[in-house]
Amino acid sequence: MNQLIGYLINGIAVGCIYAMLGSGLVAIYRVTTVVNVAQGTFAVMGGLIASSALSFGLPHGLGELVGVIAAGILGLLVGKIALTKGGISPISSLVITIGLAVAAYALEVGLWGSLPVSLAGIRSVLRFSGVAIQDQYLLIIAVSIVIFIGLWAFFSKSYIGLALTACSSNSYGARVMGIDVRRMGVIAFGLGGVLGGLSGILIMPVQPLSFNSDINLVVMGFAAAVIGGMTRFEYALAGGVVLGVVEELIAGYWQARYQLEVALGIVILTMVFEGALNARRGTAAWR
Amino acid sequence: MSLTEQTRSEILRVDSVSKTFGAVRALHDVSLSVSEGECRGIIGANGAGKSTLFRIIARHMSSDSGHVSYRGKSLAHSPAHSLAGMGLAIVFQEALPFQDMTVQENIMVGGHSTLRHGFLAAMLKTPSRRVEENEIRTRSWEIIDRLGLSDIANEHAQELPFGMQRLVQIGRALCGRPRLLLLDEPASGLRFQERNALAEVLKKLISEGLTVMLVEHDVRFVFSLAESITVLDLGEVIAEGTPQEIRENPQVIEAYLGTAANA
Amino acid sequence: MLEVANLVVHYDGAVAVDDVTMRIENSELVSLIGPNGAGKSSLIKAVAGLVPIDGGKVSLQGRLAYVPEGRQLFRDLTVDQNLRLGAWPNRRQSTDYVYDLLPEIKKFEKRKAGQLSGGEQQLVAVARGLMAKPDLLAIDELSLGLSPLAAAKLVSNLISLHESLGIALLIVEQSATVALKMCQRAYVMEAGRIVKSGTSSELIESGEMLDAYLGGMGDGQP
Amino acid sequence: MAIDTQKVQEISKSKSGSRLPLFGAAIALIVALLLPSVLNSANSSVYVYTMLYAIVAVGLSLLIGYAGQVSLGQAVFVAVGAYTAAILSAHGVPTILAFILAPFVSMMVALIVGIPLLTLRGNYLAFGTLALQLIILGVVANTTFLGGSLGIPSIPQLGLTSSLQLGSAKSYAWLSLVLLVGVLIVSRNLINSRPGRGLRALATTEIGAAAAGVPVGRYRLYAFLLSAAYGGIAGAVYAFFTGFISPNSFSVLLSIEFIVMIMVGGSRSIWGAVVGAFVISILVQVLNTLGTLHGLPNSMPAIFSYAAYGLLLVVIIRYMPDGIVAWFGKRLGRLTTASKNLD
């Protein structure tokens, strides 16, 4: 029983990371219908930059902030490159984000080497009635709660948030209002960068990241986002938490080595199922 | 329906077809019958349900109730791609010419269901493939010739002017040796001269015995071609008859111009 | 206010607007009518700068707001949020401005736009256009998809707005009756060209209106 | 209708009229045939890999360029081919038989995963194929029967008969050249025939293709199977040639390399795929040489190739979306018309 509580809390924390990555993907997909393969890169870069900032002597908090801001700027940059002025198909934009993710490897290996890098998080461990939980996991959950409330406020209250939702709800209508849909897309990429960077910095103390961790991160983020239908943040959160908990339970009660495979299997099934559902509903799109 | 039409055999029958999207009633209890050799126009204002009807006949969408039959056989279980093989050629309004393919290749695609050879035969260049390829090449040339596209047969179809692209689409449909040609808004987006040229081509095809069904909002265009017309309004058939009858039908005038425009 | 001279608009090679010339004076109420596919929407989109112009000239004094065909509301946003976005270029505009003008909208300000009826949506779309404080409000397919009753109500709303604000209105309408009843003057389009223009009463008298909609029979030409 | 057959023949001749590409292909073939006899063994390996890359890339261009279905997990079918060849020959099956069976096993795997996956489109299909590759590689790495993450060592040489074995890099070079030429001929035959036209049509518009009678769903699947088979052939040769395979040999990065190749060459042409494979192989060689120059850190070759792949992909998609073959073709065309105008 105690063991189970431990697994659940770890799973929820890991799931929050997936959800944060997934929310970055959702933020971008909603506006641009591009799946950003470089989402994992934001996490890795954010984490690596934060680790360097800390080792240069910046205090905790500030060092992490530098990492998040850098990831946000990186996001804007990726958006600017992936969304051309003339407009290209979403799938071409997706391939550009692949290119940028691979190009980032060169930077990461060159500056930080190819070995996993860790980050000093909270090292303490909370113990109660036989359960040991690393405080970093609790921190992850706490930060995630703040982030998701922040996202909700941003999208329902701020002008830019409204405009972003408008672009996803009806991009032609947004254009009629004079909203520059491409610029909003780039801003969405920036937001994706911030969310990615945050997730990297939060996970690094418990799971060191190397340059090629990005694939697993983006795939798990995508998994969370797909379970949420690619358009809703709260569903992505639910999707991420479900995935994290399932993974943790599989690792705990069966074997750790099939974590990723099972999670990916769930994603493929979700996509296929959703696709079949849409195909049945699809007639509505044909009017 | 007039007597002369009943003596000709029926090729397409739409039987009390209804379709709703959410709260919107796109089609309500629509029935009509097209005879062999006829040119039928379907007209109606924006939102009348024309394109929904077209999509249902083309098996691109299923109806909520009612059914469509072609030469006495229900189409309920025929997938969209099987219609071409049955002699029912469809030209969608939004269908682009196939990219990076020449005019001739575009037209040859239309003969897909009249040929047999599959992937393996194609890859190994079997004798049957050679025979069929020669046949389809010759057939496509006949069509190119009669549509007057010879000079541009090797151009990429997507680079041609709109009017030519429309002709390529019709050539593509003809290459499947259809008995019934279903056209969705064939005149839309065409210049005046292009419309005339298209009408001439269609007139000729009709005079040679091809059955044509036009779903079209350009009333002038339809009136010049169709011998009978069905008018849809808000998803229902409100009139059917010859162009002259339609033009004088007060209900049609009301549907088009609004109530009491001539008062 | 608005002057359009020899305007040409192409769509992927197709001609949508073919050499159109028209003008609208300050505070005038003008309609653009014609059958489906005549090019009305393309003309108005070109005027609003939403589609590129392939020839001719559009000159506009003052601000134009465009209410697009099919309303194009943001269905996932509330009515109030929709209205706020109507003032996107100059941001900080309070929505109270339009609630004062159109009090009935206030009743559903918190509802999602996608849940409203067609008539309500069209009213919100008009209100969203007004948020930009336009001198000319162009409304595409005003009555499309509305019941006659809802259309009549919307028309009376618009006429009172026109009278109280003194803005010019350009109404694109398929239903000639609705348009001619509410506007002083109209242009009739067919196949991308303006085939007839004049005051509403002149147009109602003329037989050419019917021709534009139902085709001339005499010459047998398409 | 009377039809001028003379004219038909004339025009169909003039269509294939430009002899330049054919001439170029002939020269390329002669060079390719002679090359293995002068290359040293290290360069012969590069030659073999280039040919194998080209085979996979041609399959991928059929799938992405012609049929319009984006797969980001193509390396998985190479892996299936390689593992089939390795496992079967390790269990006493004659290597030639293992070699022949490899593409069929790849096709079978493609069939099993393709039926559900191909209900997806666009972004989802791309991600689905990527996820599929991660799953299959993960399972392979955890299955002792398949060698686990350590892989399978000492795979025998490919023997055509019990006495005639391919031993040298040279012989593999010729074998892979023959296979590539075969794949090219077969693919070309396909493209210019009824099913090929059907595929190309559905890449533009599935609705339009279905209206023309093309069974869209089945054809998408066939294209997927065919590209898997090409991957299987290349994988089998790779296994026999290197004698060692592991899950690391078929990483996601390899799948992305294939994408880079067809994008660089031009995805809508099988020649583009071949050119892309050559350009990338040569580029990687040049970068390797530069990266191992005296005094540079060990990771330099990797850094160079990551940067090259990534930036190349971005530049190509943004500025030459039809690939370099079409890009140069267009410029050449403009040049020739310009010179004609001068006359």
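Letters are used for the chains, namely A, B, C and D, taken in the order the chains are written, and counting of residues starts over at 1 for each.
Methods note: contacts are C-beta pairs under 8 Å (C-beta built on N, C-alpha and C of every residue); 3 or more make two chains touch, one makes a residue touch a chain.
Values in this document were obtained by computation on a predicted structure and should not be read as measured data.
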Pair joined by more contacting C-beta pairs (A-D or B-C): A-D
Most widely separated chain from subunit A, with each centre as the mean of CA atoms: B
Gap in Å, rounded to a whole number, between the CA centres of subunit C and subunit B: 32
Rounded Å distance between subunit C and subunit D, as computed from the means of their C-alpha atoms: 54
Computed distance of Cα centres, subunit B from subunit A, in Å: 48
Residues of subunit D engaged with two or more neighbouring chains: none
Residue numbers of subunit C (touch at least two other chains): none
Shared-contact residues (touching 2 or more other chains) in subunit B: 60
Subunit A - residues contacting subunit D, complex: 29, 33-35, 81, 84, 88, 90-92, 94-96, 98-106, 109-110, 113-114, 215-216, 219, 222-223, 226, 257-258, 260-261, 264-265, 267-268, 271-272, 275-276, 279
Residue numbers on subunit D that touch subunit A, as the complex places them: 70, 72, 116-117, 119-124, 126-128, 130-132, 134-135, 138-139, 142, 252-253, 256, 259-260, 263, 299, 302-304, 306-307, 309-314, 317-318, 321
Complex interface listing, subunit B residues touching subunit D: 58, 60, 79-85, 89-92, 94-102, 105-106, 108-113, 115, 117-119, 122-125, 129, 132-133, 136-138, 141-142, 145-146, 150, 153-154, 172-173, 176
Touching residues (chain side subunit C, partner subunit B) in the complex: 11-16, 18, 35-37, 141, 144-145, 174-178, 180, 191, 204, 209-210, 213-217, 220-222
Subunit A contact footprint on subunit C (complex, rising order): 48, 50, 66, 68, 72-77, 81, 84-86, 88-89, 91, 128
